[in-house]
Amino acid sequence: MKISARNNLKGTVKKIIPGVVSTEVTLEIAPGVEVVSVITKSSADQMHLSIGKEAYMVIKATDVMVGVD
Amino acid sequence: MKISARNNLKGTVKKIIPGVVSTEVTLEIAPGVEVVSVITKSSADQMHLSIGKEAYMVIKATDVMVGVD
Amino acid sequence: MKISARNNLKGTVKKIIPGVVSTEVTLEIAPGVEVVSVITKSSADQMHLSIGKEAYMVIKATDVMVGVD
Amino acid sequence: MKISARNNLKGTVKKIIPGVVSTEVTLEIAPGVEVVSVITKSSADQMHLSIGKEAYMVIKATDVMVGVD
Amino acid sequence: MKISARNNLKGTVKKIIPGVVSTEVTLEIAPGVEVVSVITKSSADQMHLSIGKEAYMVIKATDVMVGVD
Amino acid sequence: MKISARNNLKGTVKKIIPGVVSTEVTLEIAPGVEVVSVITKSSADQMHLSIGKEAYMVIKATDVMVGVD
């Protein structure tokens, strides 16, 4: 499926912290650049995520803020 | 200000498309890796964003989804 | 791509309202049940959405609220 | 209260998974069509949600993505 | 309707900026404290929002970040 | 860092409920006006939040809905 979310960042799973309802997943999307996601535990289980696996961070453009120093 | 958003991706402004209420901003956060954001036009104006300027993409972890092939 | 968003609602495109930066898309996902989405105009254009086309509404579980009368 | 969220999908509570901070709630909004929500446990408790109860899924249009095959 | 969004901030409409698809609405929720919202133009029209009218800002807890100096 | 999120509401931490992955934080932003946030436990820990501490609620304008009676 092609999705309207403008951001698809390819990376490698670095860390998985499972909770009761939510699971925290960290991907490295470029050398030294990590993105953290919180998804439902069910989704994480269904996708069989594991350390070292290739995956994508998918983010809707309206959910991205811009910061400047 | 230090913010609870887990994701702060440093990059360079590549493209700005202003609308009436919303503005679309694209940053390159690693060579060949771009992230697109839609913010209010007022915010974009107040931050004086321009092509080539250094900026950050700030994303709350609960707004990030994970995809696998 | 398989995505962690828990909600994938299949439907038919009923209405498209293009703006400058954003486009509003309405899908009928069951007889008489419509879901409205606002995505970037670029995404709408890239997916070649048109009235009557089959599509999906994809929604992250943390973005869904519950209401009771 | 009338709310600006464009999507109000009426349904029946099918499943409730309580966590420590978050609770996952599943509604059937049309025959065979389910929507999953993650809300705070406090909200779920205050609304006295239970299996079989009638409820609504409320979703802001900017939180809905569109997918095509 | 009672909704699971944890935050309902009562206030007065101070400013309305209509766009093509989106409308920006500003409420004063306490003396000198304003909250800005971007909703679809259709929603704003259907709610007959106008300057000075009483309204609420409704925000899901997972959409609120915390910052410290 | 200056951020594009239009809403920065200054307040005092009133309550903290830690979960496994998520933590719920309540701030009083005006006398009698509280805002509830759910952030990752890691963020809460890193910011050393505690009762009585001064903090901000940061909210993107597209995540704010409007309600009327």
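Labels A, B, C, D, E and F are assigned to the chains in the order they are written; within every chain, residues are numbered from 1.
Definition applied: a contact is a pair of C-beta atoms (placed from the backbone, for glycine too) under 8 Å apart; a residue touches a chain by one contact, two chains touch by 3 or more.
Protein identities per chain, from UniProt: A, B, C, D, E, F = Molybdenum-pterin binding protein.
Source: prediction; values computed, not measured.
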Any chain in contact with subunit C as well as subunit F
A, B, D, E
Same or different interface residues for subunit C and subunit E, judged by whether over half of the residue numbers are used by both?
different
Centroid-based (C-alpha) most distant chain relative to subunit D:
B
Taking each chain's centre as the mean position of its Cα atoms, how many Å separate subunit A from subunit D?
23
Approximate Å spacing (C-alpha centroids) for the pair subunit B, subunit D:
29
Interchain centroid distance [CA atoms averaged], subunit C/subunit D, Å
17
On subunit A, where are the residues touching two or more other chains?
1-6, 8, 19-22, 24, 36-40, 42-44, 47, 56, 58, 60-63, 65-69
So that we know how the chains sit together, what is the shape of their touch graph: line, ring, star, complete or other?
other
Pairs of chains that touch, anyone?
A-B, A-C, A-D, A-F, B-C, B-E, B-F, C-D, C-E, D-E, D-F, E-F
Given the complex with subunit E, which residues does subunit D contribute to the contact?
1-6, 8, 37-40, 42-44, 47, 56, 58, 60-62
For the subunit D and subunit C complex, residues of the former touching the latter
5-9, 24-25, 27, 29-31, 33, 35-39, 43-44, 47-49, 53-69
So, in the complex, the side of subunit F touching subunit A is made of residues 1-5, 19-22, 40, 42, 60, 62
In the complex, go through subunit A and note every residue touching subunit F.
17-24, 36, 38, 62-63, 65-69
